[in-house]
Amino acid sequence: MTPSACDKSAFSTMEVCGSLTVSLREFGCEQSLLSRPDGSASFVQGDTSVMAGVYGPAEVKVSKEIYDRATLEVLVQPKVGLPSVRERSQEQCVRETCEASLLLTLHPRSSLTLILQVLHDDGSLLSCCLNAACMALMDAGLPMSCLFCGVTCAISTDGQIITDPTAAQEKESRALMTFAIDSAKHSVLMSSTKGSFSVHEVSGLMTGKKECAPFQTNKTVNAKPKRPDVTNRLH
Amino acid sequence: ASDVSVLWLPLPRSLLTCRTAEPLEYHRSFLKENCRPDGRELTEFRTTTLNIGSISTADGSALVKLGNTTIICGIKAELANPTVEAPGKGYIVPNVDLPPLCSSRFRPGPPGEEAQAASQFIADVIESSEVIKTEDLSIDRGKLCWVLYCDLMCLDYDGNILDACVIALLAALKNTRLPEVTINKETSAPEVNLEKRWELQIHKHLVSASFCIFDDSILISDPTAEEETLSTAHLTVVTDEDDRLCSVHKPGGTSLSGERLQECISRATTRQREIQKLIAKVAHSVKKAQ
Amino acid sequence: MTNSPCPHPDNKPFSGQPEKEKTWGGKRFRAGPVAWVIYFNMPTDTKRVRGPEVSQSPSLFSCDPAAVLPSKGPRADGRRRDQVDVRPVFVRCGLVSQAKGSAYLEAGNTKLMCCVYGPRETDRKDETDMKCGRLTTDMRFAPFSCPERGSWIQGSQDKDFSLMLHESLQPAICLHKYPRSQIEVSVMVLENSGSVLAHAVTCASLALADAGIEMYDLVLGCSMRQDGTSYVVDPSYMEENGCSSVSCENQGGLTVAFLPSLNQISGLQSDGDMTEETLTAGVRTCIEGCYKLYPVIQRALTKAVRKAAPSQSES
C-alpha cells in the first residue's frame, strides 16, 4: 500500500479483499485547498464529489453554548437549490458521527462549524460527505479520538452486494445502506438504511464492511502528512 | 413537576439530591443495578396505549402514548395531479411537528432540526417498507390521485418519539377511510361520494424499536427524554411482520458492535409482536363499538 | 376580527365571502387561487416534507349538496335553540409530563389541549418595564383539525386568536408577582367543532391554575351565535360557518371571557352586525353559559390538586 501523488484522472479501480469482493470506485482527496477556512478537504468517489470546510474553534453564540464541550454545527449544501429536509437528516448523521470521534471536551464553550458543499452527486453521497468531513476535521488539526470513514452498500434485486454504488445502481437496488466505521475498533458509528432487507443480509454486510474498513481507514492515515495538492490513493 | 416525582422513590436522600446536579451519576447508579430510575429493566419498554379514530375531522387518526410521550397522527386525504415521472402513483406526505407545547426545549416557529430529521426518517421508512403502495392511491392514471397528508404531532415529549410516531402512523393508516371517486365521463371531472368509503390496504405492518447506549457500553431500550440527552448514541430498528428490516437508523454517536446490533434486532422483533397485538386489539374494539 | 370561519386563511381566497367557496370550487379544478396561495407558502416549505404543489379537498367535488342548516327547530346535535344549552364538557388537568401545568378540554367534538411553561427568564432582554411579568400566548390548529386541511404555517387567524387569548387571560393573572419572568401559554386545537376561542380561554386558565400560577380568578369562555331573531349558544363548526338563508340583519357571533367569582368580563369579541339590545342580551346569555361551565372546571381542578397533594405530604 503505497500512497502516491497523481492526477485524479489517473486513478485505477480497487482490488479484491478477503473473501468478499469489495470494489470501490476510484477515490481521491485533497486537503487544505481553501485558504479561508481553518481546515478544508475535497473528497471524490467516482463522479460523486464533496467539498468540506471547517471553521473553529471559535466564539459560540450564547444560545448554543454548551458548558463542558464545543458545539458542532454541520451544514450540508446541495448542488442546486436550498437545503431541504433530506439535507437536514444528512446533517444530523454527519454531526453525530463527528461528535463521537472529536474530543469536543477539549474546547468547552466554543463553536465548530463544518460546511459540506455537494459538488456532484453520483451515488454514495452520504459516505462521501462523511469522508470529506473526516478529512477536513483532520486538516483543521482538531483533536480526535479516532478517524472514521463512510461506506455505502447497495443490495441489488438478485441479492448481490455492490459497494460504493453509482446513482444508477442505487436506483436499481432493493436496499441501500450507509455505515460510518471508526478506525480504532472498526465498529459502526453511524448507520442509515433505505429499502427492506433481512437480518442475515445486514450481518453479512457488517463483516463485509469490516473488511472494507481497513482500506478506507488506511487512506485517511495516508493523508496524514499534510501535503497540499496530493491526492491519496490506495493501491 | 419533574422534581416532585423524584420524591416518591424509596431511595436514600443522598441519591435524590444529585438528580438535578449530577444526572449522569444518578442514572449510572441505577444502571449498575440493572434497573432504571422509573423502575424499568434495561430492555423494558414503557406501557403503550393506543386510541384510534378519535379525530372526526381527519380521514384517519390515532393517538399513541408511550409512557408519557404522546403522539397524535391525523391523516387528511386530498386530490392532486400525479407527477409526470410517476403517473400511476399517489403521494404520501408525512410531517412530524414538535410544537412548543410538548416540551420547553422547543421554540415557536418553523420545525427545528430534530423535527425535520424525524420527518425525513418517517418518509424514508414509508418509502422503504411500502406500507402503502402508492399505486393504490391512483384514481385516474396520469390525471388524478390521492395525497395522504400524514401529520404527526407531539403533545408530550418524553423521549423516543420515533417509535411512537411509527405506531401512530400505522394505526392511523389502518383507520383511514377514503371516499369513493368516480370520473364523470362527459365532463371528465371527478365526483366524490363522501358517504361511500373504502379502507386502505396495509401491505407491511412496521414497528420500530429504539435504543440508547449509555457510557459507550450499556444498552437500554425505549429511552425517556432525560436518558436520551445523557446517552452517547441512539439506534432505531424498524421491522415488518416478516421480520425483515426496513431501517437500521443510527445517526452517529458512539460505536456499536455487531453482537449488540444483533441484540437490538432480536428485541425489535419481539416488540413487533407486542405492538401488532396491541393494534389488532384496539382496531377490533373500535370495530365492535361501531 | 374577520368573519372568515376557517382558521387557516391559507386555504381560502381572500374574498371575505367564504360561503361562496362551494361555488368557486365547482366540480372542476380551478387552480388559480390555490396556486397563488401556495406560492406564498413556498419559502418555508424547505423545512417540511413536500407534497404536490397543488392539492384540493375532496369535499369540493362532493356530488351531494351540502345540507342547509335549519334556522328553526332543534339543532343538528339535538340541543335547543334560544336556550343556554352548552355541550357537555370533559376536562382533565396535568396530562403533559413536561409542562408546568396542562389541561385538556373536550366539548362535543371540539378537542383542545393547553400547556403552560414558566415562569422563566424572559427571552427579551431589552424590555424596559421589568416590574411585571410577561404573558405569551400561542394558539395553533393542528393541520387535521378542520374539515379542510390547514397548512402548518401559522395564519393570521391563529395570530388573532392568540392575541384575543392573551387579552382575555392577562387581567386574571397576578403578573406583578412574577417580575423579570415570562409565562408561556400554548394551545393546540386538535379538532375544531366550533367555539374554539371560548373553550381555549377556559382550557388555558385551567392549565395556568394547574401550573400554580397566582391568579385572581379562573377565566371561563362562552360563545353564542345570533341568527336573526334566534340564537344558539356554544355553536358547532357547522353553525358557525353555515350560511343561513335568512336576511343578513342581526347576525353575528360573540365570545365572552368571564371571571366568575369576581363577576367581571376580561375579554369580549364580536363580529357581524348586531343591534345594541341583542348584544347586551347576548353578553348576558354567555355569562349564564359560563356559570354552567363553572362547577365542571372547579371539580377538575380540585381533582388535580388532590392528586398532586399526597406526594407532597410524603416528602
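Letters A, B and C mark the chains as written, and numbering starts fresh at 1 in each.
Methods note: contacts are C-beta pairs under 8 Å (C-beta built on N, C-alpha and C of every residue); 3 or more make two chains touch, one makes a residue touch a chain.
Not measured: the values here are computed from a predicted model.
Fewest steps needed to get from chain B to chain C, stepping only to touching chains, is 1.
Set against the C-alpha centre of chain A, every other chain centre is closer than that of C.
Closest to the middle of the protein, by Cα centroid, lies chain B. Ranked by C-beta contact pairs, the top pair of chains is B-C.
A separation of 29 Å divides the Cα centre of chain A from that of chain B.
Averaging C-alpha coordinates per chain places the centre of chain A 50 Å away from that of chain C. Each of residues 116, 119-120, 123 in chain B touches at least two other chains.
Each of the following residues of chain C touches two or more other chains: 47-50. Across the assembly, chain A contributes 85, 88 as residues in contact with two or more other chains. Considering their complex, residues 1-2, 4-5, 7-8, 54-58, 61, 68, 70, 72, 74-81, 83, 91, 93-95, 97, 99-104, 108, 110-111, 116, 119-120, 123, 147, 149, 151, 153, 155-158, 179, 181, 184, 187, 189-195, 225 of chain B touch chain C.
In the complex of the two chains, the chain A residues touching chain C come out as 82-85, 88. Interface of chain B with chain A (complex): residues 113, 116-117, 119-121, 123-124, 127-130, 204, 232-233, 235, 240, 243-258, 261-262, 265.
Residues of chain C touching chain A in their complex: 46-50.
Residues of chain A touching chain B in their complex: 85-86, 88-89, 91-100, 175, 177, 180, 182, 185, 187-199, 202-203, 206-207.
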